[in-house]
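One structure, as structure tokens, below. Some questions next.
Letters A, B, C and D mark the chains as written, and numbering starts fresh at 1 in each.
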Amino acid sequence: MDPELARLGHVALETPDLDGSLEFFRDAVGFEEVERNGDTSYLRAVDEFDHHSIALSEADEPGVDHIGWQTRKPEYLGEFEEILDEEDIDVTWIDAGEELGQGEAFRFTTPTGHEFEFYYEMEKPDPPAERRSKLKNKTYSRTTTNPIAPKRIDHVQLWDPAANDFREWLQEALNFRVQERYDRKDGSRWGTFLSANGNKIEAAVIEDENAANDPALHHIAYKVDTADDLFDAHDAMNEHGIPTDGIGQHSISRGKFLYVRDPVSGHRIEFNAGGYLVFDPEWETIEWQEGDLEDRQWIGQIESKARVDY
Amino acid sequence: MDPELARLGHVALETPDLDGSLEFFRDAVGFEEVERNGDTSYLRAVDEFDHHSIALSEADEPGVDHIGWQTRKPEYLGEFEEILDEEDIDVTWIDAGEELGQGEAFRFTTPTGHEFEFYYEMEKPDPPAERRSKLKNKTYSRTTTNPIAPKRIDHVQLWDPAANDFREWLQEALNFRVQERYDRKDGSRWGTFLSANGNKIEAAVIEDENAANDPALHHIAYKVDTADDLFDAHDAMNEHGIPTDGIGQHSISRGKFLYVRDPVSGHRIEFNAGGYLVFDPEWETIEWQEGDLEDRQWIGQIESKARVDY
Amino acid sequence: MDPELARLGHVALETPDLDGSLEFFRDAVGFEEVERNGDTSYLRAVDEFDHHSIALSEADEPGVDHIGWQTRKPEYLGEFEEILDEEDIDVTWIDAGEELGQGEAFRFTTPTGHEFEFYYEMEKPDPPAERRSKLKNKTYSRTTTNPIAPKRIDHVQLWDPAANDFREWLQEALNFRVQERYDRKDGSRWGTFLSANGNKIEAAVIEDENAANDPALHHIAYKVDTADDLFDAHDAMNEHGIPTDGIGQHSISRGKFLYVRDPVSGHRIEFNAGGYLVFDPEWETIEWQEGDLEDRQWIGQIESKARVDY
Amino acid sequence: MDPELARLGHVALETPDLDGSLEFFRDAVGFEEVERNGDTSYLRAVDEFDHHSIALSEADEPGVDHIGWQTRKPEYLGEFEEILDEEDIDVTWIDAGEELGQGEAFRFTTPTGHEFEFYYEMEKPDPPAERRSKLKNKTYSRTTTNPIAPKRIDHVQLWDPAANDFREWLQEALNFRVQERYDRKDGSRWGTFLSANGNKIEAAVIEDENAANDPALHHIAYKVDTADDLFDAHDAMNEHGIPTDGIGQHSISRGKFLYVRDPVSGHRIEFNAGGYLVFDPEWETIEWQEGDLEDRQWIGQIESKARVDY
């Protein structure tokens, strides 16, 4: 039985100005700051129980320190280490608590150059008592959170000059499944939309045709409920004077989107509504060909090619 | 490694008047009739790919023939059979295709008297070409479906005079996990909210205090998007002259609800919006005590104790 | 040409505990406190430009000081005074600024005992600069207001033992039009739904069958956008520990509602979504008879007979 | 006392292919065809009581026959005729019933070349019994209408090389009020947003800088409820294969929009959500200057300069 991942858990981002970036992530978008430790702020979305889904650290340059994945069982940590060892990939173990709230973990570089972290345990701290919802199955009372705040982490989009090698490795070494894929007219693969747990797309792997670029994170997507929530979030960005990359709906995944970037670090958040879940273990990959639709966007247009290298 | 279920798949219902019940399920609620076979109609929700999530058969009395669960892997069928055999529970194998669209399956009676079916394969027929969405990841064009039609099956609520025995057996023999539970002031358990796959509540097991009653299905819940969808569905029921059991929001599960029953058979559908998903394998059961809130409903009231015995 | 009213403008309420009532109106519901003057707080809804739509004053007992109506033209003030004089109704003139933000006005008691105020001018103060929306056609940036805050005043519901005399007088002396009405099976009138300006119901006049009661205000209704907003407002009331009188939809007016009362004064606010506008001067009164529908509520039930006498 | 208009009532459009255009207006967008008379189809929106808000006639070329305005009182027809006579504008009287459902009316050409019709009476036919809502204040049961169908006519946008002369004339001769206006940096007026009845923008008059163009109708706007309705309508257009001009939100009027054109005639419909109403007779014109915001769109972009000349 191969080890399995449970889900995308968090992303550790770097910014040249932590306070400046917190004006975006915490004050404008509405992530909750759960804990601060020196130059690192731990943030979560308002419907998350976990200690953090974003760790934001001050560094010389904007960057991505790692993308964190939770294993499905604690013993899978060791089993994944063995698999990586067979592939001559070194892992670096991180003590429990070194990343606040998190148990024992290890980090490694994927063959095409992305930084990943695997862990199993993550604390679930309660909000301050005066902000705790009366509902036991909800953390924050909505009366105390930013009304546009997204609910929970959904997926990351990764750019890679060797996207195909990368997604093959995700499938074969790490047991990711392919929920959708998009091929160009010449047969080459543009994008592969993978799931760690089989329920939803958690990693969109897109081919960066400029081989000179490094692998990069394009955005982190968080869930909101409706297209009206996207309009409300856009309205708030306007009031804060933060430019956006537009509203629309993807054909792939059916997700409705609003993209917006931290003006300080350039890190991009997607507010994402809609889409679909897969509970069927027999899901057949949705196979898009260039030309199936006039555009990869079902609604609207988005030109947001900027990336944060790491 | 114990065998696991993937999800709640379908419910096979019986009605004394198939055409009359189709006026409710197909015409008023908007389920799609995928195929008809003699006295059985196979229905699915408009955002389902599977052949059916309801099989509706004419019979002398309203009833529930079985509740169908898909296993996580094909080989788990046999492994579950062994587990049931050890518990002296007989299984009846059903040939592939006997239930239309479905692969090989078996049925059995749980120790407290519910009828279950386990299967792995289910066909995913396309809608008629003129109704197929241009989106490859969507079945029906929304321009061709009932605007109030729910999207996908979510959970069943089961009543049982021996609810605790039943939920223990679901946990121990079938690997269900407990997402939430509600205990009375005297310490007795009123309800247990279980998940087959760990992502969402799929079986609410409620204690029927009248020991004279048989185990029963209280309702089948289907997902819609918003509270406005509940109002729209209620509006449609009013226009069709179908009484409802009211609108509100549960504290447990956080699901917003509209309950409505087929006037012919009494089978009850829940339109369900909201709630939350669990992708964390370390989820800690939400433990409600009577008195935590004034009421089990966060919003509204619902008095809908009627059941369909089976 | 008879003088005409432009609209319902504001209601002046009395409470035995101003600070306590502000916890409801300002902190929980999200009205904006525009100005305070001694024992009176002037409040407006977040999408209003006017100085206030509620004036809340401390007094020995909860009560309604007056209901304020804006005339369609300044000269109509004098013309209405003449009409009232012909009916032997005394008016009391109020200097400009005595009620903060308001121009010259007069108050009087209607023949069945309601306290009305007529005025033409009302200031439109800007919010503090840091809260002003960048949109010139909007007062407050939504990033600075309570997310459940209602948008603008819509109507009042008035109870009266002599409701029919009252509504006849509103029609004949004050030129109110009847948008809808509801008659009992015995032919008697239960409710009349009148409009000052012809565009929407602004005064619901309901017969209080208990002749011992005084004329009373049942509630003040404010507009929100959707049924989901009603659920969100109910959720917020729950988190604040404020009981509600339930969610639903009226048949008359088609308004979706949530009723909630200030725990200190008992004054009731309706969050109201939906309904319809009339721009047609030839609108024909909608005539409901008891028995047309099973219930006066299209969706849900509401038992909220409590009133604030004045 | 000057005569007043009550509202924008309807637009009479011409198309080279009536059946083809009905595939757009009736089948795709969901207008209800109330009556057909030879080469003219009379359409209304699903929450309108009037006989029609669009009259669609077959003609050699796409065009606009007239824009119909209802007067506030029947006697204002004659009073407006006198005003027009003083301005040496000829009116052509139309017998009651010549335009189906409509009472006596007259048509005339405005000084800058738009075709207007004034009328007072319009029939309010009931839908077929099986489609009539049980609610007496609603025409069609929503169970029988297109789910994306807009609710009621809102405004027209008119292009004119002499836009300023035109809007001055609308103000002075016809008593239109200016709700908002937008001036360029050089002080010249780009757009004026006028109201016939004072409650909402009903005519947006935009300067067409190409003096060679004739006055033209840019679009007719109809109300829907939410931004999600705009996404749903866009989704339906995609499924029907009808291109759109995009989704967004105007700064002026705060209206959220989706523009879509009849592929046969080029006539453009705006699905419009949000905005605000004015019940205050003292409304102060909102004065925008180029540069107040980066863009005239608060959200999104729209490039839709095409016009239908008439």
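Methods note: contacts are C-beta pairs under 8 Å (C-beta built on N, C-alpha and C of every residue); 3 or more make two chains touch, one makes a residue touch a chain.
All figures in this text were calculated on a predicted structure; none of them were measured in a lab.
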Fewest touching-chain hops separating chain A from chain D: 1
Of B-D and B-C, whichever chain pair has more C-beta contact pairs: B-C
Centre-to-centre distance between chain D and chain B (centres being mean Cα positions), rounded to whole Å: 47
Gap in Å, rounded to a whole number, between the CA centres of chain D and chain C: 32
Mean-CA-position distance for chain C and chain B (Å): 45
Shared interface positions of chain C, touching two or more other chains: 134, 226, 228, 235, 238, 298
Chain C residues touching chain A - in the complex, by the definition given at the top: 133-134, 141-143, 147, 226, 228, 232, 235-236, 238-240
For the chain C and chain B complex, residues of the former touching the latter: 226-228, 230-231, 234-235, 238, 246-249, 256, 298-300
Chain A residues within the chain B interface of the complex: 1, 6-7, 47, 49-50, 70, 72-73, 120-122, 124, 134-138, 152, 180, 197, 199, 225-226, 251-254, 276-277, 279-282, 284, 286-288, 292-293, 298
